[in-house]
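Right after this note come the structures.
Across the two complexes that follow, subunit A remains constant while its partner is subunit B and subsequently subunit C.
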Partner chain A sequence: MIDITMNNELKNKFLTIFPNLLNSFPAEPNYVKESRLKAIDALAAVPFPSSKDESWKYSLIQPLLVNTYSLPGNNFPSVKTSPPPVIHPGHFPDGALINGYYCIDGIGAGTENNFMLKSLSVAAGKNDGMLTSSFSVNGNADHSFFSHLNTAFWQDGIYIEIPCGKKTTKPVEINIISQGERILSQPRIFINSAKNSHAEIHIYFYGSDEGNSFTNLVQNIHLDENAFLNLVLFRSKDDNDILLNSTEVQQETGSHFISHIITLNGKWTRNVINVSLLGKESRAELFGLYTPSGDQFTDNRTRIEHRAPNASSNEFYKGVMDGKSTAIFNGKIFVGRDAQKTNAFQSNKNLLLSDRAVVFSKPELQIYADDVKCTHGSATGSLDEDALFYLRSRGMKYETAKKILVQAFAGDIVAGVGSESLKNEILSLIAGKFNS
Partner chain B sequence: MTESNEILTQLTGSEYKYGFYTDIETDTAPKGLNEDIIRLISHKKGEPDFMLAWRLKAYRHFLTMQEPSWAHISHPPVNFQDIIYYAAPKKKSAPKNLDEVDPDLITTFNKLGIPLEEQKMLTGVAVDAVMDSVSVKTTFKEELNKLGIIFCSMSEAIREHPELIKKYLGSVVPYTDNFYASLNSAVFTDGSFCYIPKNTRCPIELSTYFRINAANTGQFERTLIVAEEGSYVSYLEGCTAPMRDENQLHAAVVELIAHRNAEIKYSTIQNWWPGDKSGKGGIYNFVTKRGICLDENSKISWTQVETGSAITWKYPSVILRGDNSTGEFYSVAVTNNYQQADTGTKMIHLGKNTKSTIVSKGIAAAFSNNSYRGLVRVEKNAVNARNFSQCDSLLMGNRCGAHTYPYIEVKNKSAKVEHEASTSKIGEDQLFYCTQRGLNKEKAVSMIVNGFCREVMSKLPMEFAVEAQKLLAISLEGSVG
Partner chain C sequence: MLIIKNLKASVNGKEILKGIDLEIGAGEVHGIMGPNGSGKSTLASVLSGKPGYEVSGEATYKGKNLLELPPEERAAEGLFLAFQYPVEIPGVSIINFLKTCINEIRQYRKTGPIPPKEFLSLIREKQELLQLDTNFINRPVNEGFSGGEKKRNEIFQMAVLEPALSILDETDSGLDIDALKIVSNGVNAMRTGNRSFLVITHYQRLLQYIVPDFIHVLSNGKIVKSGRKELALELEEKGYDWVREGRRQETGNRGK
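Here is the complex of A and B:
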């Protein structure tokens, strides 16, 4: 174990331990080794994020710096064997990661044959062509430091493939779990939706009870022609963990991607999602909901790159801020020269419930093609006095009225979640949170 | 489609019409920037000691700063040592009437279509004509004097009203504010000063015609407008510049101060040389403009029509400090050929019940890039602050770019902040609708562009609105206007 602090020194410590780490993976195929080497070079070239960086301008970096974290030294265990805690009583998840390691116990694998889920290190060992190209995607500029860090040091992760023409009958469930105090884990998830496949995947973050752990997750998602994927990323536990979640999506012709990134709780969350619409007539819909309270912090960054003609994107993020919380929304739509006939829509709405809460909204358009229709909107305000009055004049307490209005506000985002049970779970958690 | 493309090419392909050069002898300082140059400028201007001290402080601070790089623009590095920081038209004697003014100057203004006599007689606009840094002519001064309104060149104000200058200069844009503001504070040569006393409504629209004339002379203008309690002033600023091969730097600073119940309306038409079709030459326009609504119920309104300059970097802002104060920003920015514009506004809400409105229209053609960058900040104590922003972009041709970068920061729950933006080209259906009613395509494009900008154009004072439409027509030549 090596103790490190999250600052510029961190980088140097990582650079120092890297050679040992590389040796501890003798069985790793060359292309993975090479991607780690490239990432470590890239890491050496970028500084640790600071508020002077445009992409970290409003982010509260301080919480990243106060703790020292334990990270694995040169002795990575390949598989974590203890079973994961039960998050949803009554059924097992399809895959689970504890502190970045793949769990083989306590998961319900093999119940369905219309998708394939396995440990990433196992999948990588097979030298899959798909994975080779994905490892070369080296994160995004906005989030590059931590993406490079993950590419160089990822411990394990999950590989999911939905084969050609298959459709999952129920959502694939993955739990990402932290256990222990001040643990830095760096898992990685690959989702490969083959041609004409159809799937819904739910990813739950479950922070440590002890607190102050740090998860630096990177996801690479590829949608082949006409594939459909509805991805839900859900963080609801009121823990003290730091979560950095960086998702890269690439879409081919005619594919349809939907994401719901929902952060109801958690001390510090930064969700980055970058979607590249590479094929014509592809479609992306990004939904987000964040409800920080107390001194919680949420930062949602999206970037949609239109690279092909006739593609469309629709983005809708909503936030409810209470207590002394801080929320950031930064959405960018980029339309390249060749992406004619693009339709892009983006909207961000924020509800401030407290005078001590702060919201920063930065919707951006960067457009280089002329035959496009792009709009964005951002609105920030408080609960509508008329609506409150309407409800209260019908005998409701202020708290009940507030709860109803917040639930309705959030309902727009949750409506697109495919699974009814998850939809209800989210709505009741919101009602519970804003019931005082 | 090809037909409308042809029309677009035609109407976006016009040459700069105001490209002529009046040969007036100038009294110039050597090239370069150092403390001696600053001392020379201050000495030439006959400034009191406090100004020289302030300039030197600004220069020393400037040396510690770096050129900003965050804007969506690119240009070769500016060599600050290759600029002449002082050039004054040779004074024959202080002109009291039009006959005494250098006839070459009058010709220049005539070519611009703004003859001083005509303006004086017909429009009733007082013109403080600034040609290359020194004020050569001031009209209507006596009339304004009767009301106690001070409207003069900055150099004169520094000499004759040092107490006002000491109190207000740098109070909104301090010399430490940003790279170009620091440079301006150190080397500014002239500009306009305007003081409206308590409960006075300025009867005419005050106007200054800036004009860059001598080759290689960066213009460093400094404008300061103070509106005392209950006063009103409308100020017009218009610019054209002769054609020149080398890039010229313009780093102006404008400060507005509105006291209780006062209103300042500041309108700009900027039509400096944008460079030729291949993107060679043109003015670099790096300007800091900021107003403060100091006390209750004050109002500051910025209206701008930006068609010129190779690069525009300009964010007219309002600090809404007084309760119930209002800030407005209306802007049309047109970029053509290789022009780059990164412009927008900042609205800082500090007081209670403060309101701001932002309407920005960007039109990008050919290879140009047009960005809106704006900040709306509602601070903790700004109870019931209200903002509405609308930023629309129109793209003409598939090699240009239109970008929107709004920053919205809200720290008070009672605030209502709305932002909307859209980007599109002229709709085929709109064109069809017009042509179907017998308009040719050229007229149709013209109508649509005029309609697109109307919200902003209607905010311009009468005299300016006419000129603005002319400028739009020139910038997007062929059918518009």
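Here is the complex of A and C:
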């Protein structure tokens, strides 16, 4: 075990241990090794995040610095561990990552043959070209310290493929779990939606039972022509785990991508998603919901690149904030010169239940094509007093009226989650959270 | 049913109700008329418990001090306000809204939740009464409703919740003659037994359809005239200036 403290020293420590780590993956194909080397060079060139950095300007960095973390051993999963926590009683996930390693026990029997799911390091051994670019330094959504760190040091991950024309009959479920005290894990997920495929994938971030893990997740997603993917990234456990999640999506012609990034709880979360609309008539819909309370921090950053004509993007992010929580929404829309007839829409709304909660909402538009339609809007307010009184005048207790208004506010963000059970779970968790 | 004594209310130090005395017996319909700014809507708001008013005086409802109860308990005790400007609640369907209301009220009254079958037949019955199409109850509460639909929805809610005392705050404003008839029929259908109504209106027209037992004229925060239903016609004929004289008279009295 190697102890790592999250500060400027961290980088030097990582640079020192890197050669050893490289040797510990002897079977790794060359392109992966090279990507690690390039990432370590990139890492050497960037400083540890600070408020001087534009993309970290309003982020709370201090909570990242307080703990010392252990890198999990590389002999996992032969290490004896308890079975993964049951997140949804009664059924197994289709895939699980524990401390960044692919988990072979306690996962679904794989009765469905409409998708393939395997260890990312196994998949990387059979280089099919697509993975090569995903490991490149530029393939990171965040282009930041932590994405480079992941590319250099990722342990393992999950590879999912929805083959040509296949459609999953139920959501593919993946659990991301940490076990042990103060574990730093760096998993990767690669989703390959082949032509005309159709899938819904749920990624549950569980963190650790101890509630003090640090997860630096990178996801790469590719949608081939006319593929459809509805991705849900869900965090709900109330703990001190830290989650950095950086998702890079590339879309080909006619593909349709939907994301639901839902952060109901957790000390510290940073969700970065970049979508590149590379093919014409591709369509991206990004939904986000964050409900921090206490001193929780949620940072959502989106970047949509319109690179082809007749593509559309819709973004709806909503926050319900209580206590002295802090949230950031930063939404960038880039429309390239060739992306004529682009239709881009962005909206961020925040409901503040406390006068000590702080939200930073920032749209950024960069448009280089002349025939485009781009709209954006941001609104922040407190609970509507008139609506509260209206509900109460009909016999609802104050708490019930508040719960109903919060649920209604959040409801349209989760409306597009295909799974009814998850949708209801999210809404009842929100109701439970603000039930006082 | 309701006894109001020297009820005063002010907002930000500005007195709007300047001492109202009013008694509504079980089964009675009272009309309140008055010019704009006379305090009609404030009276409705204060009785239903809207926050934001400094209130003094007495309002005793069914023997309880109404002014001490939060709005939801007033509703659970059988008080209902049909809003002049019903609020839009996006994302909440009328049917879920009403079911929650009924069950919260039943919880307060310590009766169990309404059986689903009973609830559905209640809804169906009242939908027919207000001539609402079947899809109406699945729409979000008041969202995108026309003025008439909003008012009809208020009376529909009143019919479903079956309150003992209903306050109708300018329910006729924004209604065309057909909608006015439907709304009035809805109210009249409920005029049975001990149910009481306080009908607030600017115009005499509504009181042709919902015929009151008593009429009061509110001016400058006080009731300046009370009488039988014929008073409405007199008012229509002579205008509010007629009662404003009364107000002057009172001011004069106070000056003595």
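We adopt the following convention: the second predicted complex is superposed on the first by the 416 of 436 C-alpha atoms of A that agree within 3 Å, B and C clash if a C-alpha of one lies under 4 Å from a C-alpha of the other, contacts with A are read in each partner's own complex, and residues count from 1 in each chain.
As a convention for this text, a contact is a pair of C-beta atoms (placed from the backbone, for glycine too) under 8 Å apart; a residue touches a chain by one contact, two chains touch by 3 or more.
Computed from a prediction, not measured in an experiment: that's the story for all the values here.
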Overlay done on subunit A, so just call it for subunit B and subunit C: clash or fit.
fit
More residues of subunit A are touched by which partner: subunit B or subunit C?
B
Touch check for A:Val358: first (subunit B), second (subunit C), both, or neither?
first
Please work out whether A:Arg337 is in contact with subunit B alone, subunit C alone, both, or neither, and reply first, second, both or neither.
first
Applying the document's definition of touch, where does A:Glu34 land relative to subunit B and subunit C: first, second, both, or neither?
neither
Between subunit B and subunit C, whom does A:Glu54 touch in the aligned arrangement: first, second, both, or neither?
first
Once chain A of both complexes is superposed, is A:Ile404 in touch with subunit B (first), subunit C (second), both, or neither?
second
Per the contact definition in the header, classify A:Asp209: touching subunit B only (first), subunit C only (second), both, or neither.
neither
For A:His376, decide between first (touching subunit B), second (touching subunit C), both and neither.
first
In the superposed arrangement the C-alpha centres of subunit B and subunit C open, at the centre of subunit A, an angle in degrees to the nearest 10 of 70
Across the superposed arrangement, the tightest C-alpha approach of subunit B to subunit C, in Å, is 14
Which subunit A residues contact subunit B in one complex and subunit C in the other?
none
In the complex, go through subunit A and note every residue touching subunit B.
54, 58, 337, 340, 350, 352-355, 357-382
Can you list the residues on subunit B that touch subunit A in the complex?
70, 380, 393, 395-425
Flag every residue of subunit C that touches subunit A in the complex, lowest number first.
48-51, 70-72, 74-76, 80-81, 83, 86-92, 97, 100-102, 104-105, 108, 157, 161
Subunit C partner, complex, touching residues on subunit A are 384-387, 389-398, 400-401, 404-405, 407-409, 411-412
